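Next come two complexes, and both contain subunit A; in the first it sits with subunit B, in the second with subunit C.
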Partner chain A sequence: MDVTKISREFLDALLSGAAPVPAEGLAALRSHALERANALSVPTTRDEEWRFTDLAPLYRLALKRPLDDVPMPSGEAIAAWIAEEVPTRLVFVDGRFSPALSSALTAGRTPELTVTTLAAAMASADAVVQAHVGKLAGVDDDLFAAVNTAWLRDGVFIRAGRGAAGGTIHCLFLATQADVVQHPRVLVVAEEGAQVALVEDYVSLQEGAYCVNAVVEIAVGANARVRHVKVQRDSAKAFHLATTAVSVQRDGFYGNLAVTFGGRISRNNISIRQDGPGTEFELDGLAFIDGRSVADTHSFVDHAHPHGRSRQLHKCVVAGGAHAVFNGRILVREGAQKTDSTQENRSILLSDKAHVDTKPQLEIFADDVKCAHGATVGQLEAEEVFYLMTRGLSEGTARNLLTYGFAADIVNRIPIASIVKSLAARLLEHTGGQEIA
Partner chain B sequence: MSNGAGRILLDVRGLCASVAGVPILKGIDFTVRAGEVHAIMGPNGSGKSTFSKVLAGHPSYEVTGGSAVFDGVDLLALSAEERARSGFFLSFQYPVEVPGVANAQFLRLAYNTVLGGRGRDELDPLEFDDFVREKMKLLEMDPAFLDRSVNTGFSGGEKKRNEILQMALLEPKLAFLDETDSGLDIDALRIVAQGVNHLRSADNAVVLVTHYQRLLNYIVPDFVHVMDGGRLVKTGGRELALELEARGYDWIGKQAA
Partner chain C sequence: MSAVLQNLIDQPYKHGFVTDIEADVVAKGLDESVIRLISHKKNEPDWLLEFRLAAYRHWLTMQEPTWPNVKYPAVDFQDISYYSAPKPKKKLASMDEVDPELLRTFEKLGVPMHEQAALAGVAVDVIFDSVSVATTYKKKLADVGVIFCSFSEAVHEHPELVRKYLGTVVPTSDNFYAALNSAVFTDGSFCFIPKGVKCPMELSTYFRINTQESGQFERTLIIAEEGASVSYLEGCTAPRFDTNQLHAAVVELVALDNASIKYSTVQNWYAGDENGVGGIYNFVTKRGLCKGVHSKISWTQVETGSAITWKYPSCVLLGDHSVGEFYSVALTNHMQQADTGTKMVHVGKNTRSTIISKGISAGRSNNSYRGLVKIGPKAEGARNFSQCDSMLIGETCGANTFPYIQVQNNTAKVEHEASTSKIGEDQLFYFASRGIDAEEAVSMIINGFVKDVFTQLPMEFAVEAGRLLGLKLEGSVG
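And now, the complex of A and B:
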């Protein structure tokens, strides 16, 4: 079988119908992205950035555009995924915005906070959108970001104006059709001193294969604070490709907490760039996978200015024949003095066939910095299992409880109680259920 | 406290154990009767902690000889969880942190497993909450410790109180308290000791494994044993601990040799 030929056909299918709706000021971006998408070849394991993750099963799928004339799910069908304490909710069904399932776009709104669809913002030639979209997620070397950008027609646009306080926005991306590809797009612009939280949530209402190809861009202004939670609970057959690109200006804060339950293959590229001194980044990740899932996280923390702090903890719980990949790159550029950066990757393998590839990558070009990193891969600690057994728990229960705790430690950090509860229930299902509840 | 008439709870004869092929315990004889308090003292590396862990069923230690009968049952034939369920308790020198698991969840699971196994009603989260709060008062513990992850971020003293709280919940027949006093300030020591004293009865027994005499001012032992080189080399009353404090351990080895 000729992989090159298959992947070309795959790419043509991805791009077919990518005739952008006209929007003021974005035509050039989209046509450039289309040009790049046609010029780039699909990644294979021969590419350094993809050496652990083979996308061949994706390329063999015959993907098509989602149908527009299928009925939307009912509110009841999605009730389990609603975070009741978050009043502002945007729901996309197979990539299409659903006003009926979303909250009114004025709900919980203040004059400083804009939450709307990218389509609406583009239609009114919103200057902030034009100034930011496509600026962070480069399309020149990233095929999937290029395809997403070539397709750009709708998505989420959040703008927190100067000093805007609080506000959490839940973006729910539902998959209801099999064999389709959706291209979610999110743009968040937090201006000076603003504070906003984004929950990016991927859910499937069916069990078939599909592909999510998402791009999220977040511009954090000076002294602004953005918390970003990503929950990926696609179907077991889904392919999930995501690019998250963030820039943070002077004294800004960006926190990313990403939980993935896999899918057939998931790939999360997260890049965070320091655009001024004194910034703070927090990255917490959990891959909790089973079966033959592949969950790949590639993060890139770019310390380009002095006094930047970053803390990263990425955990993997790998069962069955699943495979987790973590590639954590930290770059401290020349002049980024007083950088304080830590990175930790901890993985637990629950079966003989489970597999982890971990690759910390520190590149330090400044001389007055603190950088620490560590990676552990293994089974549960014998001392921990023994401790619980001396309290009467059977070895199986002890192992389940420790595995649950290892994962819940990340999930518990999500600041939205109903989402924590729902994810904790999912962790419990895989760690003995009522036996440890 | 002891008149030597209580039933025998633990009878250890000639116990030998090794870790990774290295012999640590070299023939221990040790008997505990109901109602008694014993202290096992000794220098670092004498085998005190190993003795506790071997009795609790730690998988890293291999028993190479001897026997241990616990309330009529062959203790060494039981798995660690069976020992716990049958009433043997070990308070850890270094309690393990379990991030992500709420202390309340862990304590309730342990309680329901151990006491449920003895025919006591299992408690649901609400019932358990009332029950454990009463026990926490004994140790002057803030109920906030129920919501925190097991031992995670606890100070040394908080961890030890949490151990004694587990002892209070699991109602063991025999409790080994391994270095429960090390690293505690006087206030914490007093609270922990009060808790232990409160839990003592004519039907159970406590073995204090300690490096320091100080704890014995608060929990008064009937017998003091000195361990050295993997053996109990001397046994005496409470005054032996005071002598050890005054003279150190060196003279014991010489005398025994």
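And now, the complex of A and C:
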């Protein structure tokens, strides 16, 4: 089979109809992205960045644009995914905003906080959107970000003004149609001293194959704090490609917690750039995968200024014939003195068909820094299993309990109780448990 | 950076560069006729010529690798002369004729007097009254059946052994430089330890007395039969003068059941001046095959020279319960670039590997660790531990780590850790308050940093290698 031809056809299908009408918002940005997307070729395992993740199964899919005339799911259908303690909620169905399922938009409610759709913000030519969108997630070398940007019609826009305590915003992206591709887009701008939390949640209401190609851009101002939780629970046949690009200014904080249950292939690119001294980053990740899933996380922490701190913990639990990939790159640029950066990657293989490729990568060009990384791959500790067995647990129960504990460590760090509860239930389902204590 | 230290930085490379090679040289360029000529000049059997030609034909289809984290102007492979008969160096009549700078280096390194003379090229019979030390060693080896000779000699004396093992660990098609080496290698060393023999001495001892010129495309093959063991040291702490800019060596080790091979390298080739002009490109393929059960291969390297180092001594752990080890100190200063590390490929059951890598970067140099730990689907109970530490000296150097970990068996256990540190002003101050000057303090801190690796070196070299690091870093600490 001619791989080049297949991938070219795939890309053409992906881009057909993306060309913007000149009068539409951000037409120039979108035209440029389209141009770049056409110029780039789809990644293959011959590209170092995609060496362990083969997207060939994606290229073989005939993906369409989602249909607009399909009825939206009812409130009951999505009740299980609603986090009741988070009142501000935006729901997108196959990429389309659903005002009925979303909470009332708070746009203009307070001068400090804007939560609205990108379409609405673009229609009113919002200056903040114009200044930030497409600035962090570059389209020049990243095909999927370029495709997303070429399709930029709508999305989430959150602006927390100076000093605002913005609370938590739940963005729920539902997939209801098979064989379609959606391009979710989120822009968060936290101005000086603002605090805001974002929950980015991908859920499927059907079992077919589809593709999510998301781009999230987050600009964290000086002294601002942004927490970002990403939960990815797509269907087992789904393809999930995501680019998260973050910049953090002086003394700002950005925390990212990503939990993925896989899908056929999921790929998360997270890049965080320091735009001023004294910043702090936290990254926690869990890939809990089974079956034929491939979960790939590529993180890039760019320490470009002095006194930056970063901490990263990425865990993988790999069962069945699944394959986890982790590439954690930390760059300490020249002059980024007093950087303190740690990274840990822990992987557990639960079956003899499961495998892991990991590459923690340190690049350091400043001498007065503290950097450490560690990676382990193995199975559950025999001593720990034995200990639980001496307490009367069967071997299977002991293993399940340890696996659950290993994964729940990350899930429990999510600051929203109802999401923790529903994710813990899912972990239990996979580890043979029934009840949450 | 204090003024004293700044002063130290500006010291030039001490050992100069000699260019008095006169030789029987083949015209520059590479094609099949050159390879036939090399083979003919060395009077080689047909199978070896075929081996070379096959490698050359494959090389033509290959691309020069671009993935290493090093930058250098493209090498023109047609601008190299691929054969020059090694001419004996001019012998000096006595130690008085030796360059005093070189003597000072020997003294700093602590090389014993008679070895100093041998290394400096003073005729051996001038130093030793009647019996050459080297001859004594050679007899001792022959008594137990160890074959240790130049590669060309082995091709003629022991063709069956060479033919059986050549290219079995590093196939001619392995990589760009290995293919090139397979096509044009001129000489190297061959070592065979027969069944059950423990080599009666460290081959390093022999080697030091017999420093041979083996050219820029060196080929080494070491075979340890069942139950045999050997320790081999390549290179020397003394600076090596060489006019060839490109070096592409291949080293193959084969360990059969219960055999063990310890291969140590001390490399101190010319690294170019502080602006990165000149210096040697060292593109080496080294690989050991633990073919038998309970076999063991251990690599120890101290890399301090060369403008560019591109080197990944590896172990393929094929036999069940086999063990691979890699201990490395890589030091880069001025404009040096090193991209070095190891590959541990676990194939057999209960195979174990250990990686200890210490990188030191100073000046404007760039030092990368690149390693692969691969656990195959059948490698039950495989175990790896890796530790990669970097030390940065100064604000303009770089230290990178690129560890690839690929695990396909769930009973395996792989651990990797890495850290980065520097020599702090406070540490130097502490030493100063105890009356120890900056230079010595740095030397002590560095020695502590690399201790885990140096304890693996043959004893006399460990001492010298420690001093060598001090010498190389002279003037770069702040």
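One rule holds for everything that comes next: the second predicted complex is superposed on the first by the 423 of 437 C-alpha atoms of A that agree within 3 Å, B and C clash if a C-alpha of one lies under 4 Å from a C-alpha of the other, contacts with A are read in each partner's own complex, and residues count from 1 in each chain.
We take it that a residue touches a chain if its C-beta (ideal position, glycine included) is under 8 Å from a C-beta of that chain, and two chains touch if they have at least 3 such contacts.
These numbers were taken from a predicted model, which means no experiment stands behind them.
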Q. Touching A:L393 in the superposition: subunit B (first), subunit C (second), both, neither?
A. first
Q: Pick one for A:E49: touches subunit B only (first), subunit C only (second), both, or neither.
A: neither
Q: Considering only the touch criterion stated at the top, classify A:A366 as touching first (subunit B), second (subunit C), both, or neither.
A: second
Q. Between subunit B (first) and subunit C (second), which, if any, makes contact with A:A408: first, second, both or neither?
A. first
Q.
Need the overlap of the two footprints on subunit A, from subunit B and from subunit C, as residue ranges.
A. none
Q. Hey, which residues of subunit A end up touching subunit C in the complex?
A. 48, 52, 334-335, 337, 347, 349-352, 354-379
Q: In the complex, go through subunit C and note every residue touching subunit A.
A: 67, 375, 377, 390, 392-422, 424
Q: Note which residues of subunit B are touching subunit A in the complex, please.
A: 56-60, 79-81, 83-85, 89-90, 92, 95-96, 98-101, 105-106, 109-110, 113-114, 117, 149-150, 166, 170
(Q) With touch defined as at the start, can you tell me which subunit A residues reach subunit B in the complex? (A) 381-384, 386-395, 397-398, 401-402, 404-412, 436-437
